[in-house]
Amino acid sequence: MAGSSFGDFLKITTFGESHGESIGVIIDGVTPGVEIDEQYIQIQMDRRKPGQSSVTSPRKEYDQVYIQSGVYEGKTTGTPLFITLYNKDMRPEAYRDIQHSFRPGHADFTYLKKYGIRDHRGSGRASGRETAARVAAGAVARKLLERRGVSVVAYTKAIGGIECAAFIEDQIERNAVRACDPEAAVRMIEIIEALAAIGDSCGGIVECRIRGMIPGLGEPVFDKLDADLAKGMLSIGAVKGIEFGAGFEAAGMLGSEHNDQMNASGFLSNHSGGILGGISTGEEIIFRVAVKPTSSISVPQQTIRTSGEEQVIVTKGRHDPCICPRIVPVVEAMACLVIEDHFKRHAALHH
Amino acid sequence: MAGSSFGDFLKITTFGESHGESIGVIIDGVTPGVEIDEQYIQIQMDRRKPGQSSVTSPRKEYDQVYIQSGVYEGKTTGTPLFITLYNKDMRPEAYRDIQHSFRPGHADFTYLKKYGIRDHRGSGRASGRETAARVAAGAVARKLLERRGVSVVAYTKAIGGIECAAFIEDQIERNAVRACDPEAAVRMIEIIEALAAIGDSCGGIVECRIRGMIPGLGEPVFDKLDADLAKGMLSIGAVKGIEFGAGFEAAGMLGSEHNDQMNASGFLSNHSGGILGGISTGEEIIFRVAVKPTSSISVPQQTIRTSGEEQVIVTKGRHDPCICPRIVPVVEAMACLVIEDHFKRHAALHH
Amino acid sequence: MAGSSFGDFLKITTFGESHGESIGVIIDGVTPGVEIDEQYIQIQMDRRKPGQSSVTSPRKEYDQVYIQSGVYEGKTTGTPLFITLYNKDMRPEAYRDIQHSFRPGHADFTYLKKYGIRDHRGSGRASGRETAARVAAGAVARKLLERRGVSVVAYTKAIGGIECAAFIEDQIERNAVRACDPEAAVRMIEIIEALAAIGDSCGGIVECRIRGMIPGLGEPVFDKLDADLAKGMLSIGAVKGIEFGAGFEAAGMLGSEHNDQMNASGFLSNHSGGILGGISTGEEIIFRVAVKPTSSISVPQQTIRTSGEEQVIVTKGRHDPCICPRIVPVVEAMACLVIEDHFKRHAALHH
Amino acid sequence: MAGSSFGDFLKITTFGESHGESIGVIIDGVTPGVEIDEQYIQIQMDRRKPGQSSVTSPRKEYDQVYIQSGVYEGKTTGTPLFITLYNKDMRPEAYRDIQHSFRPGHADFTYLKKYGIRDHRGSGRASGRETAARVAAGAVARKLLERRGVSVVAYTKAIGGIECAAFIEDQIERNAVRACDPEAAVRMIEIIEALAAIGDSCGGIVECRIRGMIPGLGEPVFDKLDADLAKGMLSIGAVKGIEFGAGFEAAGMLGSEHNDQMNASGFLSNHSGGILGGISTGEEIIFRVAVKPTSSISVPQQTIRTSGEEQVIVTKGRHDPCICPRIVPVVEAMACLVIEDHFKRHAALHH
């Protein structure tokens, strides 16, 4: 209701600001008796953490996972998991300059208008740091999906105007931008480094594929599978759009082109992106999200102070010139949470 | 949970299939003491109904609004409004042919897989007819928004590859496709009529603008205003994508281009689409949705029967060759519901 | 949120006022493929309807069930059932007298204070007539429970100070007060008739037993099975209390008396009422609710008008001198809804 | 859904087991700009903690409150508060004996049946320790209610058959059992000490009064104010019943006795307990809960082991012979949460 919970049966609730003592997540509705440990979750955390490569922020918020409840002798008990991540390497003084200013592209203005009060340090609750809790929760959902044979993989499809021409899955984790085409990756890294040098940033497109789906997941009408995925993705701060299957291209297609015909072996195409009428077809679910350029740049920009006075601002701090590589695990986490939740709803309907 | 409810405080719950006796909606959480009548709601219903022009389906499902509860002496009582729409001009026999077939692009396959049972008549619950209930509910939300000075307007931005070059708001309701550019509208209508003649269909793009917003609406983290709008829009059957502000174009922009700078008069641009960090800036909210081509076409297509046997199918019936003109009021309805719900959440937070 | 929905997976949403055109309920989350028809539901409606015996109101709101969606060829489709009940025998003019008065014991005062507007006819939304929608929905839940081997039976335990000494189950539906002891029933009927003659009313106690339970239903902490049953029961207008197992008597017992010991055959007693730590033990669930005397009496009472002016009021109309016999099916309905919902939650947890 | 969340607008989510590292609560939807500190919350924690008097368990789980997020410079920010309580004085080895046994009156049996796995140490999630998180959250709700002029006070009404004859409010916190009658308190303490000496326990009745209410709080039909209070109270482990106003006594009253008549000065009695039709009248809300005797006793009892083998069990550990004095702040906490949540719903309806 106030926005810190997500999911219906597998339900997560998060808390925490960028520069508080800790952030964390309560995960309720986890299937009991499932083996899980901190190492499994840590793998995903490390994919999201800053400082992992030349193209990410050099901040050192080493996100060490602590499971404080819900696991007994290595297995989930069915009661809520609580995972906490202590904030480290905090430099609140670095934000003193912006305490009374609205940084362009940030939520500084909207938070102050909403609440009448603002924790300005590192964007407070609006910080990208909040996504660390999602990744931890997503790892738990991923564990549950593994038992169903479902896998979720996201990757950078485009950055700064460079698009991947090939899809070579095993290359994704081998380049710093998590692109599915190693040649494109080289050029993406060049662009990012060039922008970093001049204090600017760029956006990109992240694509996600979900495999091993069964047909029949998703509720008709309002809780369509694509509607819930769209909500999950747009809830990620930097995401400004989503499209499924043919997506916006479908707007220019004919029905005879777009319809996925079938024969005895199954669907002959997948323009729908694996979802028809809000319910999974069993084909690969495929969607793309538009990621805006990082708002924090050191290029001088015009803004106002909370007093209304105009100023030119240069956002300091240690920021990612392109957030795509680090958004990849967040997209996967949200997708895992949505899909596992719908499996549980499906069970409730039929049992 | 099972997908027939939407909204948190202003909450709608719908029921009904295309060829049942009636469809309808319960609207709970309506502010008491507000004047409303069936005529006000009927205006929106008439914008969605089929048969309203040469480019829409000639079906005659005249959607007459009946308010059966929640209004007393012309004013809302604060208890649930129930609005019912009786189905008429039903021709279930027209669907006998497809009873045992999966029409390409339709939810026939996924519904049968989900439920193990399917009401095939006119797509049952998956029918676009279900959106009539949304439009009725949306009209109630629109009434509540009017008192806040908020207006919501959607229109066709592109159809069949033709894009509107101009934005002339008072032309939208004066052309059959609800385009914001009357010249583009002429060409769109030509394309639709040509496709109708050969039994094919096309998609398009619908844009929506919300004005009169206050800054501060939307909950951080999961219930971001854009996340809730995205869910609402993707819950509309034919919608395959959404983008806010610069949207997918943002993926190719620099931070220094995309960031909306400010001066003492306010924001200097609106690439964010009126939402920062999930919270309204007070600027116009602007988003676009991708509408797929109508699935029902009479071009022969390959499919299978429920028995698994292959067949060639020609979808008969009275269908819209392009659904954009009739989706416009549905997009507005869902937007009205989301925005009014967030106003109510905002009140709960502060009071 | 605004109070017209109940349940999580099996979720009902109701609408309607006493003297509107209809009341009804949308039931979402119903297992698909289950045979159900209007006759099955009608049986429960007839147990709740007025005019069924000498001790109930002679009003003739014959509650004929119409299923308008969600059933196809006699089976549930998994999409929402909509059940409507048209109001008949309405005499709004009978309420003209009380339009500007607050009847003692009624919600007239609180509704006006809450909403600033009041549909006074037959108590509007606060009417006991609203429970007809619950009974219809409860019948659907009962159908689902039957397949699980679970049965729910309620009966009058006490009326006007007369308590049942015996529990003879097959006598319950054979006496007009639905008492479990036919001898007590005779005296209860005498009391009710005597009170009716002088225009007064009395309260009573209704007990409910749920059999065929499995152990393990109910969620720990907030959604305990007894907590959800308590909410369901206290949501019935005339209910002022609930107790499980030994209930208020437990307050005077020792731990060594109250604890239900076990041996290899199972529990040796059932003071817990079949629920430990909020989770079913598999034993019979047993609880009692306190039913207040009907508020509508023709004994003169002191009250005020909406203007603040004092007056003496005599509530006219056709009322039940004791509501227990007609609350019995409502208690059962709410119990069926809660139990089936928890079965579905349980499935979601484990699958 | 899985039971660890409570409330709609002011929503709490808890985690933690008796013998894990910590327990805690996320409180979402807190009004921004409200001054709050750990000391304020600590006062309530200290009323719940064990070891506070001769009649409570000598365990030393000193519940020191840490607010880890949602407060900035002493004021709430509108984003979630996270309050954590580290477990101390844990003696998991003390529970080794009962690892494979079902203690009578405890949730050992039902948890194992539900989950197939059980964290037996100190009852795990089913421990009364879980209520510490509720008391912390309740203190935040109490703070918000203070600004509205609403106060909530609970106290022991009866223990071990001894009932309070007087209601002397300022004596409640001055006796170890929190009774509202100091003379009764003396006898209650004697009984508890005598039972402690023989390893037995007793139950009691706790009453709660809510003052400063406005009329009009509570939603009709399912989310009645009394229904939500009942759910909150029955969600407390040891509570087996609840009654409002005249409660179970109403079952034996006449309508002419029970109805609260009115004159120009207001209500002439309060048999309704301050709630009519589920909505507050503005009078004092008054209810009582039945508290069962503590399950943990050292009197030998018959039970079975998880293997099915019979055994005689003597529950060791440091337990409260009567839980009433420590349940008082828990009852208050749940009441505060329900009332504040309904204030927020009320705001959403009207604004």
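Labels for the chains are A, B, C and D, by order of writing; each one numbers its residues from 1.
Criterion: a contact is a pair of C-beta atoms (placed from the backbone, for glycine too) under 8 Å apart; a residue touches a chain by one contact, two chains touch by 3 or more.
Each chain and its UniProt protein: A, B, C, D = Chorismate synthase.
Just so you know, these numbers come straight off a predicted model, no measurement behind them.
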Which of C-D and B-D has more C-beta pairs touching across its chains: C-D
Longest centre-to-centre distance from chain B (Chorismate synthase), chain (CA-based): D
Chain centre separation in whole Å, for chain D (Chorismate synthase) relative to chain A (Chorismate synthase) (CA means): 39
Centre-of-Cα separation between chain D (Chorismate synthase) and chain C (Chorismate synthase), whole angstrom: 26
Whole-Å gap between the CA centroids of chain B (Chorismate synthase) and chain D (Chorismate synthase): 46
Per-residue multi-chain contacts in chain B (Chorismate synthase), two or more chains: 1-5, 8-9, 14, 29, 32, 78-79, 114-115, 125, 220, 345-346, 348-349
Residues of chain B (Chorismate synthase) that touch chain C (Chorismate synthase) when the two form their complex: 1-5, 8-9, 11, 13-17, 20-24, 26, 28-30, 32-33, 66, 68-70, 72, 75-82, 114-119, 124-125
Chain C (Chorismate synthase)-facing residues of chain A (Chorismate synthase), complex: 8-9, 29, 31-32, 78-79, 220, 343-345, 347-351
Sites on chain B (Chorismate synthase) touched by chain A (Chorismate synthase) in the complex: 1-6, 8, 14, 102, 104-107, 109-111, 113-115, 125-126, 130, 158, 160-161, 195, 200-205, 214-224, 226-235, 237, 240-264, 268, 272-273, 275-282, 290-297, 299, 301-304, 308-310, 345-346, 348-349
